[in-house]
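Take a look at the structures below.
One chain, subunit A, links the two complexes that follow: it is found with subunit B in the first and with subunit C in the second.
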Partner chain A sequence: MADDQGERLALATTTAAAERGIGGRAGGRERGRGLALVAAVPAVLWMVAFFVVPLGVFAFYSLLTNAFYDVAFPLTTDAYVSAVTSPLNRTLAWNSASVGLTTGAITVAVGLPVAYWLRFVAGRSRVAVLFLITSSMFASYLVRIYAWRTILGSRGVVNSVLDRVGLIDEPLGFLLYSRFAVVLALVHIFLPYVVLVLYAAMAPLGRGLLEAGEDLGAGSSLLWRRVILPIMAAPAVSAFVFVFILSAADYVTPQFLGGRDGLTLGVQIQSNFITVGNWPLAAATSILMLLAFLLLFLLLNALLRFRRLHDLRIQT
Partner chain B sequence: MRADGTRVRSPVTTTILVTSIVFLFAPLAVVVLFSFNDGGSVTLPFRGFTLGWYREILSSTEFRSAVTNSAIVATVVALATLVLGTLAAYGITRARSRLRPFVAVLLFLPLTLPGLFLGLSLLVVFSGTEISLSLTTVAVAHLVYVLPYYLLISVAALQRLDPALEEVGADLGGNAWLVFRRVTLPQIWPILLSAALLAFLLSFDEFIITFFVIGPQSTLPLFIFSSLRRTVDPSINAISSSLLFVTIVVFAVSFALTVRSARSGRISVEPDVVGVDA
Partner chain C sequence: MGHRMRTGVSRREFLRRSGLTMITIGATPAILAACGDDGETGTGGSPTATSGGTPQAPDASGTINFLSWEGYDIPVDSMNAWKKDHDIEVNPTYIGNHDDIQAKIKAGGDAAGYDLITYYQGYMPLYTELEILTPLDENKLPNLEGMFEFWASDINNFWINSEGQRIGVPWTWGSIGLTYNSAEVDEMSSWYDLLDPSLDGKIATVDDPAGNFNLACKILDLPSHQVPKDRLGDIEDLLSQFVRASRGVSPSFGDMTSKLVSGDAVACFHGWAAMNTFAADQGLDTVETNIPDEGSHSFCDAYAIPPTTQNPDAALAWINESISAEVNAEAAEYLVGGVTVEGAVDLLNEATAGLYPYEDLEGLLELAPLAINAPTQSDEYVTFPDWLETWQTIKASA
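Let's turn to the complex of A and B:
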């Protein structure tokens, strides 16, 4: 019975493609639509149980007393006080911010022209290049960190090549175990994400828009400034924030490539939790970091909105 | 191509593109090359070709059990994502409820939370409720991490479908499940399968969260992490290369599914062929 109905359905829908809009306003359909959200219930429950609640508990831990690999009452803001007043934390927060800022800025600056290439220049090679970029996105995170250690180390690829060519007598020590190495590896990790996000966002940028600009005599730098960048500002900002957050809170890359001046707050949070066993401090530092991320996000959004208002005022 | 058939030329962006591709692949190529290098240290020059490092890791029981564990977790996570994620994507795209935006935000939110915080939060809850850490807790955590990525792709695919087809199905008296199975699913199953394969990959390679929620067992990324902490043993190149190999094979299958379905006209081709919608 049900299958019979199914055959009829399949048959009808093939013809329906040609005759769009044939579907009337059936009451039954509307009712079905209202219930469709029920399908999302299992996923929602999962996210509440293993995302929302754990985060809430974690935030609550930041207000408890340290009990060495555990927490205890009474409620206190001690953890926040020590997180904020620690001079080490301030240095590490600065390191995190600078790593996030540089990584975000570089990935967006490189990602924009690459996305432009994919959208407008690529031609037949588009699918192949998309394959390369996306596959590199899934290349193992740890393997990439290891690869950069191999390349930048004192006996690594870069130093041995430079030595062989005779450009250096001693290995360049600053390559590895530095903020430079951390940023390089993080750019390597996040560039594919940024390219894909920006490429998808370039969809509404029609070729006609660019050609119209060219016909009016605009050079490529003027086109970038007046047509492409204004449209891409919002997606570029989201991509930047995404990369900033994920690279500023990374705790693995700095551990292996950072040395002393490349150490970040993420590493400190992890070691406070795992090695030191001060859970409230780790939680408080995490919450402060999340608040800082939120602030950055709101600030950049406000800036975008302001710019849009400003543009409108110029036009009128 | 332009309307008159000439290609847009842009030497500057072409140079940046080529440089980026080299930048993305050269480090990986170095690791793969060293995995075949006959010599006790990971330095230039190359000493000759060997498969010895691969033989060494294959005979290591630790390595084999790490690979097995990763495969088990990733398979479970991919299957669970396929079911939960498809249901959720359907709910998000087809519902008219006022709750819809809240549900969407909740399900996409984990994308923006660094793994460090998710890992710590889950560890706190697991240890507080005395749930012992194991591969199960790893799979539980991975599902939270992977689901939003799956939704990015599946929601985009469902949104691009012609709504008229489903409407006709409903008008002919099909219930929601029948319409989904006979009208919706035949159009998008390759995309869903492709996204589930990506879910497999994300889980297979996950380290940041896994580090906090894993018990006494090991997964492949954890195995790599501990060898990175020890001294430089060239077998790490063979381990890394094997992981890259698995990734590229699974990804190629996933990509082929997407491209095929784009070519067959089920899903629009441009420009989000990979399904990443900002």
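Let's turn to the complex of A and C:
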């Protein structure tokens, strides 16, 4: 019974959304297609010049022979072999993945309800709350990292309060210079971006859709499961990937807050470029990291597509 | 008990003005080694030296593209006046790690255009191999006359290469020590005291592979540039213990100082006397530095001209001015460092003059000599790349 209700609800809301979308965009899309292509040219050129070409150079360097702060022929895959077989790289890759996954999951899990609240509940206070959320972005990255040290340190705010109320005898050491501290700081840094992305993505999710669902007898749980989350899945995955990549590749926060178990592959890549002078290894590790990110993106994309097909099958 | 180095609170503006909190790493300056003057000295002539005549600084002007630590462009009154008089403009690129220098020069090629760099003596073999150091014309450096004999000498070919060519001019130096908060812990006579279980998680280490390996070699009584390959494990084990006892490796000396001030650390492996002043500037005046009985190492930074220079005469004129007594003294006060010019000692304020025992430099340099980094290639000895790669492993898995 509940499933039938859910299917009818999904069909109704999806159809409504599709009709509105088609009606609103059909004419404009045709007229604007030519203009859009022209408008995209600068961005495409920019990306080709400053992303695709450097990436090509990077890939080429990764296949050259290390010559200590230089590269030389012949072409070889030695750097890739070193990057993959290095136990240190494996440890750091796991650290990176762990930091990225945790940060991405927390930011999306926290950001989604906040975005929903802003879209449907906040009312007049929306602008003020949005301002408060984004205001932390006004402070520089390093200032925010140092602020966390002040909060989490041995004599920091948290330990001082816990000590004062008698909950601890000694400062909690795990708060700072740990993976926990890195994730906490990164969540703080990226959460505003995620909230903004998800809030913007909720724009097409009109109140009418929710009301239609309610009229068909859906409770809030079913509304979230069959209306809100399916519509928000794609932007949520985008936000997750965005945060995952930036967190897993970050090499500044781990150095200041990370301790021994918070170091990431990004730190190692930086060291290989600058300190160790092994450019092919650094380039190969970067390329492998990029491929891993790409793989994750494709997997999530496939998952979304599968989910969509699954939903369509149910509806038909 | 080892040598104690104290600094009074002098350059309170140091951090505010230079942001040298980020002075890090490899900033480690360097090392004074076998300081005993072997008498060979001599400032060998450079191939470009003009024969005969009285040495004279070039009358140059224009822009100097500078690549080094923030603060090493000597933004003090006497130098600013000299720049104005000679219509010299400095275009600085500041580094966050000593290795940025070779990375930027090698990656940028001739197009990098840097005219002036610094290097600490431990990097001399590497920079020689990478062909980063060019011969300097001593006839354009008349102020060499005023330097301490030791600093002007060709000791270990740090500043004068094996062919007798001057490749660098040392102008600031210091010694590495055990820096601690005397309000929290007593003075320690051994580096191993830092491994006392009561200090677990309360010491700080810095991300300076060369400095840490040089110090470990000193503690283990190994010649840093000739460590047999089978002893690398001993060094790794020792450094791992110190890193394990810390809660993460600080990216800079400034960051270690912050940990002392915040109470997250009470003592530092591979500290620096200047940190006493940095901490005092942040309100903690109980930080002190001593050299434990096993000894330590010292560092000395030298100006040099890379092959990418477009304005060598202006760079030479700058170097010459940096070793005038007045500028050298003012720079030492600004950087909380040592002077290399004899006449500068009398110009130092009390705090900076008391930083190092100029009356017994030999004693200090015997306990904390200028070290030489490992060779870049060797089948017999641990190499510099071995240091760097091992340090990465220690940082992540200690």
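The definition used in the following text is that the second predicted complex is superposed on the first by the 265 of 316 C-alpha atoms of A that agree within 3 Å, B and C clash if a C-alpha of one lies under 4 Å from a C-alpha of the other, contacts with A are read in each partner's own complex, and residues count from 1 in each chain.
One rule holds in what follows: a contact is a pair of C-beta atoms (placed from the backbone, for glycine too) under 8 Å apart; a residue touches a chain by one contact, two chains touch by 3 or more.
Predicted, not measured: the structure shown is a model, and the values here were computed from it.
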item	value
Touching partner for A:Leu132 - first (subunit B), second (subunit C), both, neither	first
Partner touching more residues of subunit A, whether subunit B or subunit C	B
Partner chain(s) touched by A:Ala43 [first = subunit B, second = subunit C, both, neither]	first
Subunit B versus subunit C as contact partner of A:Val121, first or second or both or neither	first
Touched partner set for A:Ala79, first subunit B, second subunit C, both or neither	neither
Touching partner for A:Thr150 - first (subunit B), second (subunit C), both, neither	both
Touching partner for A:Val182 - first (subunit B), second (subunit C), both, neither	neither
Subunit B versus subunit C as contact partner of A:Thr91, first or second or both or neither	second
Contacts of A:Phe273 with subunit B and subunit C, given as first, second, both or neither	both
Partner chain in contact with A:Phe51 - subunit B first, subunit C second, else both or neither	first
Contact residues of subunit A, present in both the subunit B and the subunit C interface	146, 149-150, 155-156, 256, 273
Subunit A-touching residues of subunit B, taken from the complex the two chains share	1-3, 7-10, 12-14, 16-17, 20-21, 23-25, 27-28, 30-31, 34, 41-45, 83-85, 87-88, 90-92, 94-97, 99-100, 103, 106-107, 109-114, 116-118, 120-125, 128, 140-141, 143-144, 147, 162, 164-165, 167-176, 178-179, 181-183, 198, 201-202, 205, 207-208, 221, 224-225, 228, 236, 240, 243-244, 247-248, 251-252, 255, 259, 270-274, 276-278
Touch list for subunit A against partner subunit B, complex	2, 5-6, 8-10, 12-13, 16-17, 20-24, 26, 28-30, 32-44, 46-48, 50-55, 57-58, 61, 110, 113-114, 116-121, 123, 127, 129-136, 138-151, 155-157, 160-161, 164, 188, 191-192, 195-203, 207, 210-211, 220, 235, 238-239, 242, 245-246, 249-252, 256, 266, 269-270, 273, 279, 282-283, 286, 290
Subunit C to subunit A touching residues, read off their complex	97, 99-100, 102-103, 106, 130, 201, 207, 209, 243-244, 247-249, 251, 255, 258, 262-264, 376, 385, 388-389, 392-393, 395-398
Parts of subunit A lying in touch with subunit C, wherever the complex brings them together	68-70, 88, 91-92, 95, 146, 149-150, 153-156, 173, 176-178, 255-260, 262-263, 268, 271, 273-278
